[in-house]
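Got some structures for you, see below.
Look for subunit A in each of the two complexes below; its partner is subunit B in the first and subunit C in the second.
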Partner chain A sequence: MKDVFIIDAQQISVQNPLSHDWMEHPIAYHEPYRRAIDPDFKQYFTPNEARRYGKILKRALLTARKVMENTAINNPDAIITGTGLGCVENTELFLEALTFEGEEMLKPTHFMQSTHNTISSLIAIDAKCHGYNSTYAHKGISFECALLDAFMQLSQGEITTALVGGHDEMTPKYFSMLEKTGYLGHAKDGFSGETAVSMMLSSEKNMKAMCRIKHVEMAYGEEVNGVEGVDIDAVMIGVNGATENDAVYAHIGQNLFPEKPLLHYKHVFGESYTASGLGLYAVATCLQQQRIPAHLFVNQNQKELQGVKNILFYNQFENKNHSLILLSSCGE
Partner chain B sequence: MKEIVITGTGIISALGLGKEQTLNALTNNRSGIATLHYLKTAHTEFPVGEVKFSNEEMKQRLNIPETEVTTRTSLMGILAAQEALQQANLLTPQYALLHPKIALISGTTVGGMDKSEQFYADFLENNSKNDYIATHDCGTCTEMIAGHFGIFFLLETISTACSSAANAIMTGARLIRDGRADIVVAGGCECITKFHLNGFNTLMILDHELCKPFDAHRAGLNLGEGAAYIVLESSEFAQKRKIEPLCALSGYANTCDAFHQTASSSDGIGAYLAMKNALSNAHLQPADIDYINAHGTGTSNNDLSEGTAIERLFIDQIPPVSSTKAFTGHTTSAAGGVEAVISILALQNNFIPDNLNFKEKMPELTFIPSQENISHKTLKHVLSNSFGFGGNDTALIFSK
Partner chain C sequence: MEELILKLKKEIIEVLNLEDVKPEEIDANAPLFVDGLGLDSIDALELIVLMEKNYGIKLKDASQGKEIFKSVAVMAEYIQANRTK
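Moving on, here comes the complex of A and B:
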């Protein structure tokens, strides 16, 4: 079994894009729905690209290009994306035309970029990567499915590098629909955000590696286990201010890790199907800097913690899908 | 490395429900493609491979109350998974003695789009169809299938368009080799929707006549629908629970054509690499392959690209090649599963399905697709191709 490292990670979200600013100065939000802060795409895309690609594709491509550039890994062995809903904007445009204008006047543009796998394949087309290319779309654990696929292939030595992403855009219309189902918009002090996060994984330890991924465990319907006997410093959880969701984490916190400080991230990045990708990125950033800033602690009296070595990341969706990921610092 | 074997298969398509009807149609050259009957669309001009049941009829078969919130894709998925689980002896109480960890890895792209396109105005304007907002996404489809059986400890959904089911099978094999699951039910499901029928129509890749894969005058694909799953486990585990494997999954590979979102490269580099890497994964030579179940959609672009890739890899030892999409229609995300089950039927029964509707050789290729229906030759290794939008190309090899 080979070790697996996160070498670099980049995000576009409701926080300042392509930056770790949120560690020091997280932007606080008090409304139920926020879209991501996009960088000036004109700087990064030709006018033709900027016009052709929807928001989710621009964000995915840009974060992917950044991590490839930062790691000098321009041709990763695998490109794997997790996305709960895929290319919502293009799907909606085609669906609206179908619903309100009928079946005779449709154009292919929006359909061509409506499938979930548009993201992974666009990155491959852009970087000319003929390697493994896949896309997982399973609700709130879509990102973990993608990560597990990469983790298995890396640890078994089938590949040595993998670009793993979590991407979800949230349009105003889709937000209003998910408000009706109860998933979004009902949190007392939480909000709906958007996710674009790309990370480069490698089985070769790079000087600049952010952290090591020690375990990835997933389960459906039952509580996940399999990470025992490790001295963890803290547990990152996905509380988002919604009663039912937070009750599951409270139960886990009290029963499985009663002594460990709990960390959260959705107050910084918001809720989205692949928000856990940003959560994992936040953990990796803490381990890279070997400190946990005070604002990440659920307990507001906690001060910044230095010298952290192991952080456990627990994510669940509707108390049915569960994942546990253990990350460790690369420092001596 | 653990040997992965297949201990059950299940299928529903335009050819019928179950393996028996499927085999019967295949060996008698009886296509399931017909005029539109179930889908409500303005485009009645296109022949399609519909599953010949209404949603209500599928619910009745499954004893699902008529009022229960379901989608056409998940109903077909349940029917196919049920047949696979039954054959693999996983629906009887004895199986539970070993407490196997069973995962369901399912591929779909349209998910609950059949309901979304029906109720989209309601989603936006009132609260009458909110239950179907929640069934729109791909993951919910897999959860509805799993919920019917209640035996799965891990669920994952793959969405790589027309190679989704083939990639689900590949991920399933990995989960077993990594020791994370004892048994994996893998495949895919997809119903025809107005959404993708119209999408394919705008791309001008639908044939107004019956599709003619690998024919010089091919003019596009016929859409199909269906679901198919195979049950994977290690040969040790099959032995332990005393179940006879049907065959082995001896090789697989996933590559990317990295050329265009909706078109294949002219040299078929993605297809070539997928087949080549699957052979090397299986430790086989091109000459070992006895039959290629091609992706063969019947579009001008796919068949030329795939045919070119086959010629490059197999050179002068091209085995019989056929596309079964003129039987089933292109079942999109389910295709990798449907064609895995067809490939396994071919292997078990030593026959090569006919490439229906072929008349004239493609001038660019040296080979013609297989015209013999029943071969008495013993088949040992069958290669099955599934290629998707974005160049998501996957090849699987099934062996006796």
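Moving on, here comes the complex of A and C:
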């Protein structure tokens, strides 16, 4: 089995885009719904690209281009994307036109961008990558599925590099629907955000590597086993202020990780189907800098922790799908 | 005709999301494709939808598009002669 490393990761979210500023100065939000802070796309895209691509495509493409540029890996062996809703903004436009104007006057641009796999395929076209290209659209575990796919192929030596992404946009209409179902908008102190995160994985250690992925495990309908024999510094969990969701983490946390400091990230990045991509990015950034800032601790009295080596990332979706990912510092 | 040309320019800007282009910057006689606005085949499909939706013109033969979409002025002339709404 080969080692797997995260070489670089970039994000566009409700925090400052393409930046690790949130480690020092996270922007705080107190409303239930926030859209991402977009960079000035005109700096990065030709006029034709800028006018045609929807927000999620611009975000995905830009984060992907950045990690490829930073790692000098311009032609990854695999491009794997996790997305819960796909290009939902264009899907809405397409379906609205279909509903109100019939099937004969549908706009081709909305149609082309209304599928989930547009993201992965656009990145491949842009980077001229003809290798493995896949999209996982499994609601709250989409990103983990993409990561597991890449991890297995890399550790078994099938591929050497993989660009893995987690991308979701949230439109006002979709937020309103999720609010009615109770999935979003009812958390006491949480909020709905948007996710665009790309990371370059490689089985070859690079001087710039952020961290090593030691273990990826997913389980359905049963709790995960946990990780033994590793001195874990902290556990990152997906509490978001919603009672039902947080109760699962509280229960499992007590059983699986007693006495380990708990970290959270959704108070910084918000909730979305692929928010776990940002959670993993946050863990990777902590390991790269070998410190955990105080604001990431669930226990608000905890101070910044230095010299961190191992962080476990635990995510669950509706208490049915569970995943454990163990990341370790490269400085060990 | 001038009024129709201006209206058409505004509609093209909106439907093709030409954020930084103003109607007065579009030369009514300049080619729409390759040179001029630099539109492509996907834009041609958008223009076909625009003509049907806004003017009730349904292009039966796609090859007609090459002539009709030569410039905004040519497009306006075709619309003037064939519109049903």
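Note that the second predicted complex is superposed on the first by the 331 of 332 C-alpha atoms of A that agree within 3 Å, B and C clash if a C-alpha of one lies under 4 Å from a C-alpha of the other, contacts with A are read in each partner's own complex, and residues count from 1 in each chain.
Basically, a contact is a pair of C-beta atoms (placed from the backbone, for glycine too) under 8 Å apart; a residue touches a chain by one contact, two chains touch by 3 or more.
This structure is a prediction, so every number in the text was calculated from the model and none was measured.
Visitor: Have a look at where A:Leu262 lands relative to subunit B and subunit C in the superposition and call it first, second, both or neither.
Guide: In the superposition, A:Leu262 contacts neither subunit B nor subunit C.
Visitor: By the touch definition at the top of the document, which applies to A:Asn133: first (subunit B), second (subunit C), both, or neither?
Guide: first
Visitor: For A:Leu106 in the superposed arrangement: first (subunit B), second (subunit C), both or neither?
Guide: both
Visitor: Classify the contacts of A:Met177 with the two partner chains as first (subunit B alone), second (subunit C alone), both, or neither.
Guide: first
Visitor: Which partner does A:Leu324 contact after superposing on A: first (subunit B), second (subunit C), both, neither?
Guide: A:Leu324 contacts neither subunit B nor subunit C.
Visitor: Which holds for A:Asn48: it touches subunit B only (first), subunit C only (second), both, or neither?
Guide: second
Visitor: Residues on subunit A in contact with subunit B in one complex and with subunit C in the other?
Guide: Common to the two interfaces on subunit A: residues 104, 106-108, 112.
Visitor: Which of the residues in subunit B end up touching subunit A in this complex?
Guide: 41-43, 109, 111, 116-117, 120-121, 123-124, 127, 130, 133-134, 137-140, 142-143, 146, 152-161, 167, 171, 174-175, 177-178, 180, 194-196, 198-199, 201-203, 254-262, 269-270, 273, 388-392
Visitor: Could you please specify the touching residues of subunit A with respect to subunit C in the complex?
Guide: Checking each residue of subunit A against subunit C gives 47-48, 50-52, 101, 104-109, 112.
Visitor: Mind listing the subunit C positions that touch subunit A in their complex?
Guide: Its residues touching subunit A are 15-20, 38, 40, 42, 45-46, 49, 52-53.
Visitor: If we count contacts the way the header does, which residues on subunit A are in touch with subunit B in the complex?
Guide: Counting only subunit A, the residues touching subunit B are 79, 83-86, 94-96, 98-100, 102-104, 106-108, 111-118, 120-122, 124-125, 127-139, 141-142, 145, 149, 152-153, 155-156, 173, 176-178, 180-181, 183, 218-222, 273, 320-321.
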